[in-house]
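What follows is a pair of complexes built around chain A, which joins chain B in one and chain C in the other.
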Partner chain A sequence: MKRRHPESLAGPAALRASAVALIALFTVAPILATVLYSLATVWRHRPLPDGYTLAWWWATLSDRDFIAAAGRSLLLTLATVLLINLLVLPPLYWSHVRNPRIRPLLQLAALIPFVLPGIVMAAAINRFVGLWPVTATLQATPLLLLLSSIAVSFSAYLWAVDSAMRSAKIATLCEAATTMGAGPVYILRRVVVPNIKHGIAIGSLLAFASVIGELALPRIITGSAFETIPLWQLREMRGTDADPNAVAVSSLLLLILLFTIAVFVIRRGRAGVPGIIFGVDKG
Partner chain B sequence: MLLPLGFVILFLLLGPALKIAIDSFEDEAGGATLGNWLSLLDVPLVRRSILGSLWVGALVATLSTLLGTPLAWAVEHLRPGRRSLGIAFLTVAANLSATALVFGFSAAFGTVGLVTLAVQELWPGFMGVDLYDPTGVVYVFLYFHIPLFVLLTLPAMGIVSQRLWEAAAVCGARPRFFWWRVGLPMLLPFLAAGWFLMFVWAISQYGVPLALGGADAGIDLIAIRIGALIETAGRSNRFGQAACLSILLIALSALALLVYHRLLRRAARWIA
Partner chain C sequence: MWQVEIESVTRQFGATLALDGVSLGIAEGEMVALLGPSGCGKTTLLRCVAGLSRPDDGTIRFAGRDVTDLPARQRDVGMVFQSYALFPNLTAAGNVAFPLEARSWPSGKVAPRVKELMALVGLEREASRFPHELSGGQQQRVALARALAPRPSILLLDEPLSALDALTRTDLRDQIRQIQLALGTTALYVTHDQAEALAVADRIGVMEAGRVVELGPPAEIYRSPRSRFGAAFLGARNALSLTIGSDGWVRCGGAFALPMRDGRPGSPVVATFPPESVAFDPEGLPGRIRLVSFRGALTRFRVATDHGEIDADLLSTAAPALQRDEAVGLRVQAEMIRFYAD
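On to the complex of A and B.
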């Protein structure tokens, strides 16, 4: 008997649906476990905690060390994202509108951080600034941490904004605007930025997410002198005064923060993130 | 326009990398030597970390490819709404920060984790994942490498289209023949490129193995060894070894990324 040729190439729908269910389960399980940890009174060898309390949230949110670490992390991350915007946007704009020849150069530059893993850069940057007396004062300072955070995390931003500029056909728009007599500042403010706003938001979000979770740079460059949230979490996860419930609370706070920004970004536009996911690095 | 960014790249990426390359050929007194490089083979801890990274990198890349490919296929062929939902979950899984990931993973899948205990209710022999065993790092890596692999290869899955499938069917091709002679050969360059990218990602991870306990927990990876050498040595003589390991890591990443690019360039004709 001749076998019937399947109509569709995609395969059984049930199999595909269960694949998504599996992804959801695997993604949600650690987050759910973290939520339960942050609310559990005692959790003995049973699937669910024995009781629930908000005490850990209260304790963590009033913990001086945590608040200080959160302040440092936010300050470092926001400054990094802001500076990445200022550093990358102008040359990218220039490459699209005036001089397409520098575009391959920018693309190449964005690849460099991938060849240089975070831990290698953390080790190398401190050594490098130590070469000259003038720059040696930078060694182990938050300023150096800020500069190196920019260097290792601008790639995702560059890709996101570059693809936004390409799909918005910025060059053509600028030509049209110039023909109609608009000045350069007006074009930038009313034509370029509104059209690539979404790309800028996604790029900034990716940079934000990678800097706020970065471990290698703060650990090696400044160490405990400038304790960021990941370093604080690391201390709470191990050592003599480990406090898993506090780690759970802080993880969730970060997750809520990122999720809120992500929802805000995704609601504003409908472009997909996966094309630029290449820029993910856990330090 | 290019100047400030060029400054960052030159002085914060390329300069330091060059400095570390020079460091790898300097002895304690600052003279030229090959001793650091030769010591990589002599010091068992260092040698183990190199083998460990290569092994973990290859294993994670291979498993990500084997498990990620069918998953990417499934996600690509979902209805649009479910597809975005799937992508959203994958993006979250891929972007959890190292500390949050290790904590959440052990709270869910560890020996006394939520999922482990729940499964034990049904199946008492289930042990969960022993995260503090050196192999634990592979499980946690897979947790975010598989989503990355799926997100990365998702755009490529669309090239094996319903039209091709029907055309092959009209010509009398059976499904197995179609996959063997049409589907797989088209996807293979993308999957191979994905493998190399996963390899680069896996070998350059530092945060996750550190949060798992690092060198104290018996995790032997190049990145962890570099960190341990720097922390114990400060600015003293053992920096030479850390420099060599750094250069080795850079070379491995560069090589794998080069292969990745070659593969994608060959494959790009299917997309264009």
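On to the complex of A and C.
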């Protein structure tokens, strides 16, 4: 009897190629449509636009409101990522090295943003700070938006870095370094950070992506007082002077920004990325 | 004076008593192996000595100095971990240099010391390789070099060979012992492998349920284990349940007959003896061969008798050409038999 080649278990090559093509189409089609829309003069009932122009790109990039919103979004996002690193990394490191009992608490807290919609969290945060006169001064301020952004986006960072620490067996490495006479700061600098830097980069990227695209939080907490890119996009989609082409351009600009950062992160830590994302040990 | 002195050390994790008043001394230049099954407390004791775990009670002294409350980084120990624990971001040489840099050695002295250690473990050519580019045996040799680099007063080895294949394990085991003897380093070696403990140690401490139940030179505790647990753990010993006869003798067919000084007639006892103390003798205890297993230098025969199954190890060059189900007689060297209350 002729033995079946193990590869044939995955199905005929044509079927596999079709499956891959279908997934690629599903992923690429919306991006392609957005690109075409951002370049279209007019797009009526045809598969492709009637004509092409760079006018929307020029108009968006020279729009003062857009540039200001992009600046606020970047400021908010970078501040969020920086503070997440400062607030989440130390307790997570501590939970791996000294006190594993606090780890389930951290993980439980990181589940909340997944189960509560952003709009609910934003409304809850707004109500919560309004309960006391001292905290009420925070209402509708960029500072509250920043704190809320940290609360909503830290979970993606925590899972990525937690997985990187587990994968690198940080607890054992720290114990080894301690027996060699190294102090905590020296260990953090020479052992911990170099071995989880790709996890930190990916966690920061995920937090960055979730904050820069967040609409519910800025809309409920600050409204137009601190207009970010999603709020600007919302404004551009409404009213009689709606400009959906500008929204397409701004979406593509965000995509290019995130894609560039992602490529940089993945190229820098090629070997470690699957392990960090899926929590698989290298060894 | 002991180089390492462990006195009545107790360590509890929740309801589990991991160390139950353990006392042990290690002389300068001596290697003591802690041998026992998983969960017996041997690694916990090693971690207490390293300073990675704090005893609930008891004292640990290094050369007479109380170090019980001293942080691990100030203890002047070198430790080799089961999982190697090499720093993936550093090369082999970088790993060996790490403890020297952490202890602020002058930079001019680091490189020669690293070179010396890499040569000691035979890895001069692998100095610039990263851990993932090395085999398991090479990684553990780097870990050994790293532990020895700052000339620690005590070397601690936590099951250093358990993740390696059999051949590498034997080679590295001998290398560790040679290096320890050459440097005269005081060492505490934790293992669950009795062959490993017998091969490397000056003395072996057998641990059971947080206590050291046997302590002595390998040959002594192999031949004369004091406890039944020690007898069972120090080799695949035969264990037969017998009864003291009315004349005060214990008999096992034609295999052996020995007088019992303490023990009342009619009391049950367990006789243990190693497989290499059993020989074929037509006048001995009758039995039938159940298994013949060639093991290189030795051949093992498992024989079913009226008193239970008995294993006999014979030199393969001198082993008779016996087959399964053949009838044989067994005799046991009397001086190798130890009795324990059943």
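By definition in this document, the second predicted complex is superposed on the first by the 258 of 283 C-alpha atoms of A that agree within 3 Å, B and C clash if a C-alpha of one lies under 4 Å from a C-alpha of the other, contacts with A are read in each partner's own complex, and residues count from 1 in each chain.
The rule we apply is simple: contacts are C-beta pairs under 8 Å (C-beta built on N, C-alpha and C of every residue); 3 or more make two chains touch, one makes a residue touch a chain.
Quantities reported herein were computed from a predicted structural model and do not represent experimental measurements.
> Please determine, from the superposition on chain A, whether chain B and chain C clash or fit.
With chain A as the common anchor, chain B and chain C both fit in the superposed model.
> Between chain B and chain C, pick out the one touching the greater number of residues of chain A.
When the residues of chain A touched by each partner are counted, B comes out ahead.
> Given the touch rule stated above, what does A:Trp94 touch, chain B (first), chain C (second), both, or neither?
So A:Trp94 only meets chain B here.
> Tell me the contact category for A:Met180 with respect to chain B and chain C: first, second, both or neither.
Touch status of A:Met180: second partner only.
> If we overlay the two complexes on their shared chain A, which of chain B and chain C does A:Asn195 touch? Say first, second, both or neither.
A:Asn195 contacts chain C only, not chain B.
> Could you tell me the angle at the CA centre of chain A between the CA centres of chain B and chain C, given to the nearest 10 degrees?
90
> Thinking of the overlay built on chain A, is A:Thr172 touched by chain B (first), by chain C (second), by both, or by neither?
A:Thr172 contacts chain C only, not chain B.
> For the superposed model, what is the least distance in angstrom between any CA atom of chain B and any CA atom of chain C?
Superposition on chain A places chain B and chain C at a least C-alpha distance of 19 Å.
> Which residues form the common part of the chain A surface touched by chain B and by chain C?
On chain A, the residues that contact chain B in one structure and chain C in the other are 282.
> Residues of chain A touching chain B in their complex?
Within the complex, chain A touches chain B at residues 3, 5-6, 8-11, 15-17, 19-20, 23-24, 26-34, 36-37, 45-48, 86-88, 90-91, 94, 102, 105-106, 109, 111-121, 123-125, 127-128, 130-131, 147-148, 150-152, 154, 209, 212-216, 219-220, 230, 233-234, 237-238, 244, 247-248, 251, 254-255, 258, 272-275, 277-278, 280-283.
> Touching chain C in the complex: which residues of chain A?
168-169, 172-173, 175-183, 186, 190-191, 194-195, 282
> Along chain B, where are the residues that touch chain A in the complex?
1-2, 4-5, 8-9, 11-17, 19-20, 23, 70-71, 73-75, 77-78, 82, 85-87, 89-105, 107-109, 112-115, 117-118, 121, 143-144, 147-148, 151-152, 154-155, 160-162, 165, 169, 174-175, 197, 200-201, 203-208, 210-211, 213, 223, 226-227, 230-231, 235, 239, 242-243, 246, 249-250, 253-254, 257
> Could you pull out which chain C residues touch chain A in their complex?
50-52, 71-79, 81, 83, 85, 87-89, 98-99, 102-103, 132, 146, 150, 156
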